[in-house]
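Quick one: structure below, then a few questions.
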């Protein structure tokens, strides 16, 4: 029989098909990179029976050398570049870069701009969490949650589109301010969207989180204690599900987060279910913030949306554009001064952190006074979470892999950068 | 008011009651949407979204306003916009001068809109659509003449324009955008009339 | 008389009575056999996608035939599967690799040879007083070939998937056998005709003993890897489980095979628990005695399949050990309980 | 309450070369041979995780600066601050003791710095390439002598030639 050739090993040796020399009763399964459940990454899993023994995440399939590219681009050109780290969370991802550069420039965005940034950050956070939940759903074979989350994410993407003019890559915060003010009918739409989403979250809980089938998949799976989570240096809802009271919005309030009233949900259990619940609760808090910020923006006059340095010398045309007097341009568009095209940043080192949807994102920016940054270091939330796969997964069953993998809300482009 | 920490726990379940309640709850939600579907899909080539005015779509140049300052090309993060040197006859000085105008490569453009925002004379503007098909990659690099025209969209001729409205109960509601349809019908009627007259003339 | 008329009459007689309505052919190939099974599979897959789409904020299949909701989508898919090249990887065990899906589908249809679809005398493919027992025995054959597929494929994902399948076999077979044989305990007979006849009065066994019906329903879901027990081919870690290496028509057979098995089980459930052709009393004659009752049975079975398909849009999948736990710790005691209830009901003469 | 700077000064003693309040973090520069010792002391203060491991190439000075941005999760007071533990190493012989054994969270980040700069972390438990393929990693892409060429903003050819070829 032909089968003999394959089993005796005399014939074909394909790289993926070869059984690696592992100890007795173990074999290696490669989840990814061209695998329906993996995304753009690969995980080497060594399995003993059904139990995972060794897990080695192999990342870098969508690496784009952003840190190097940033060194050859002007300061403002890097904002659209860094957005590509995680386009569903574009505002949160670029905000710390903008803040770090603002620190070097010695300016701070005026109050209205801070609120506008907060608004888009929270819209992004909701969209990002919904995306994460959707992927989580499809990992557990729950296609309905996947479709629901992606469908409802559309509501928030649409909201962001009305605010910024782009669905995903908003390029919204710029040094010293933002690029658009809210349209006139925006507050009404935003309130409708938040009210709708609150109702939907209850249904999500019914069909997914409280569904006995899903609960049994998630409960006591991938448990991380408080100390373990701190030792691995994970970020975002993943540590708050383990009981760590850390959120940049709480520990170092930025933008308007010091002025709005919201809660940081912290869970104790540290299992996959707690991580899923933490996201749901966070979406709820984000909706609260959106409501508050929108009310604030409505009450306060439309002024001070850009730092003085970049707006004081603005010609009349720029003000006309803002007020919508140009026929082909939308209202409340804030034009950038030509100085942005060749901005020189004073030399220095600065560091900024922001709580993005998936967790804390950190930028280290170094300038030598040129029109390009000297060094930009980005540590995206997913890059800090990926280490968890290596340390949390061993000891679980192979079928738990998607349950753990999805619960950390991984996003390959974000950890590859 | 700074943020507060709220300590929470996974909702508890007792073995029997919640298993029943959980299953029934899930099935009930499923059945609810089975009988009352909440559809959000856009049947794309048959329908298309009529986007708002502020949407950052394709970019058009108003050549008369351009002052050749190169700000747009310098700020472009993808190097999609570059300055092209053109010989222009200057009436005042009565001689040919070299003037620079931007041209765009849509292979590279990421629609960030920084060029539009940085232009000191508003010589660039966005059209609120982005779904345009080119036959090959070379066509996506526009010449200076093409860059001044609003690109033509094929879907706009056949599909139904649709707008999404926010709704408390259903999230986004898809509604045909009648004004646009009527406008288009009027145009078509006019065209037909013109054609008809042309035929008559020919006969 | 016109000889031509005679010839036509004889040909008609032969074709209709001796070929089409010849019970083994009729039941294996026409209703509820191969042809109906394929049509039903096409319909149910369409329904499954459509129902999921309704729940999931989408339209589902639409583009290919907008007026009838894309109902012909599956025909297009089937054509594609049929036209696709069947790739046989060099590392597989060729004979078993090619044979297993075909044998699985053929064996999946085998139980239909054992079940009677009418109470009128000549229309039984295998006249037997033990038809329930024979049918249940036949249902256990085809899953073995899924295990064989995984083994023949020589692929880690396939083998893991087929090992999972064999784990599932060990758990659900006992449940389905116990559940279906509850009927025998209740009616004191293995004869499906007798079982259905007893339900003619409206006392469907599924109504008298709902636990048995529930247990068998779950066991069927497990056996045909329907949600929430879609474990052997769980795509998020095993690509497609035992079917990973298959392509083209063979893959189509695999996918259809699960639906055909589900269809056969649904017919068995209909006959045993839902009264078979119950409100209708067959009378002699091909149409009234064979065609109509078989259509009634098929209709009821389609409803059961529809319910099974709907579960896809509500549930995810269980972990393997949890599914086995459900089977051994909950369902087998429940099946025994149902058996006991059945015995008690028979003893007190409820049935 | 003593300030964080004083606390660190007290803990590290004369290990510190320079301590300054940078924008967004407190920069502490220690000599290379005292790095591990200082890291252990800093960890005892309650700084329990590494946010980022960064290297900067100062090609003129022939030096790399390696910075560990560290902070705390469990100590709420410390979590408001970020500490940068920096050291300078020789560009020609880039060896540095690995801190992955002290902070597990530095493990993947050190691997990344290793492949992008070619800095070797001695004592790292698993020093392999993380993101790049061996061919690209051999070029050490984040060093300053690896130059990425950016396009010019002008089209070199004239109007007629551009319209004819339409390519850049």
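Lettered A, B, C and D in written order, each chain numbered from 1.
Simple rule for what comes next: a residue touches a chain if its C-beta (ideal position, glycine included) is under 8 Å from a C-beta of that chain, and two chains touch if they have at least 3 such contacts.
Note that the structure is a prediction, hence the values are computed from the model and not measured.
*Asks:* Provide the labels of all chains in contact with subunit B and in contact with subunit D.
*Replies:* Both-contact set = A.
*Asks:* B-C versus A-C: which interface comes out with more C-beta contact pairs?
*Replies:* Result: the pair with more contacts is A-C.
*Asks:* Which integer distance in Å separates the CA centroid of subunit B from that of subunit C?
*Replies:* 50
*Asks:* Could you state the distance in Å from the CA-based centre of subunit A to that of subunit C?
*Replies:* That pair's centroid distance is 46 Å.
*Asks:* Would you mind pulling out the distance in Å between where the CA atoms of subunit C average out and where those of subunit D do?
*Replies:* From the centre of subunit C to the centre of subunit D is 62 Å.
*Asks:* Report the inter-chain centroid distance for subunit A and subunit D in whole angstrom, where each centroid is the mean of the CA atoms.
*Replies:* That gives a centre separation of 23 Å.
*Asks:* Which subunit D residues touch at least two other chains?
*Replies:* If we look for residues of subunit D contacting two or more partner chains, we find 150.
*Asks:* Touching at least two other chains at once: which residues of subunit A meet that condition?
*Replies:* Residues 73, 144, 151, 207, 211, 213, 245.
*Asks:* Going by the contact rule already set, what residues in subunit B reach two or more other chains?
*Replies:* Expected reply: 26, 29-30, 40, 74, 76.
*Asks:* Every touching chain pair, please?
*Replies:* Every touching chain pair, ordered by label, is A-B, A-C, A-D, B-C, B-D.
*Asks:* Can you list the subunit D residues touching subunit B in their complex?
*Replies:* Counting only subunit D, the residues touching subunit B are 150-155, 158-159, 162-163, 166-168.
*Asks:* Can you check the complex and tell me which residues of subunit B touch subunit A?
*Replies:* Residues of subunit B touching subunit A: 1-11, 13, 18-19, 22-23, 25-26, 28-30, 40, 51-56, 69, 71, 74-78, 110-114, 117-122, 125-126, 164, 166-172.
*Asks:* Which residues of subunit A touch subunit C in the complex?
*Replies:* Its residues touching subunit C are 1-3, 6-7, 11-12, 14, 17, 27, 29, 31, 35-37, 50, 137-144, 146-148, 151, 207-208, 211, 213-214, 216-217, 397-403.
*Asks:* Going by the contact rule set out above, which residues of subunit A touch subunit B in the complex?
*Replies:* 73-74, 76-81, 144, 151-152, 154-155, 158-159, 161-162, 165-166, 169, 171, 179-180, 183, 188-189, 192-193, 195-197, 200, 203, 206-207, 210-213, 215, 219, 245, 247, 249-250, 253, 257-269, 271, 273-274, 277, 281, 315, 317, 321, 326, 328-331, 333-338, 340-342
*Asks:* Taking the touch rule as given, give the residues of subunit B at its contact with subunit D in the complex, in rising order.
*Replies:* That would be residues 70, 73-74, 76, 79, 82-87, 100, 103, 105, 138, 141, 143-144 of subunit B.
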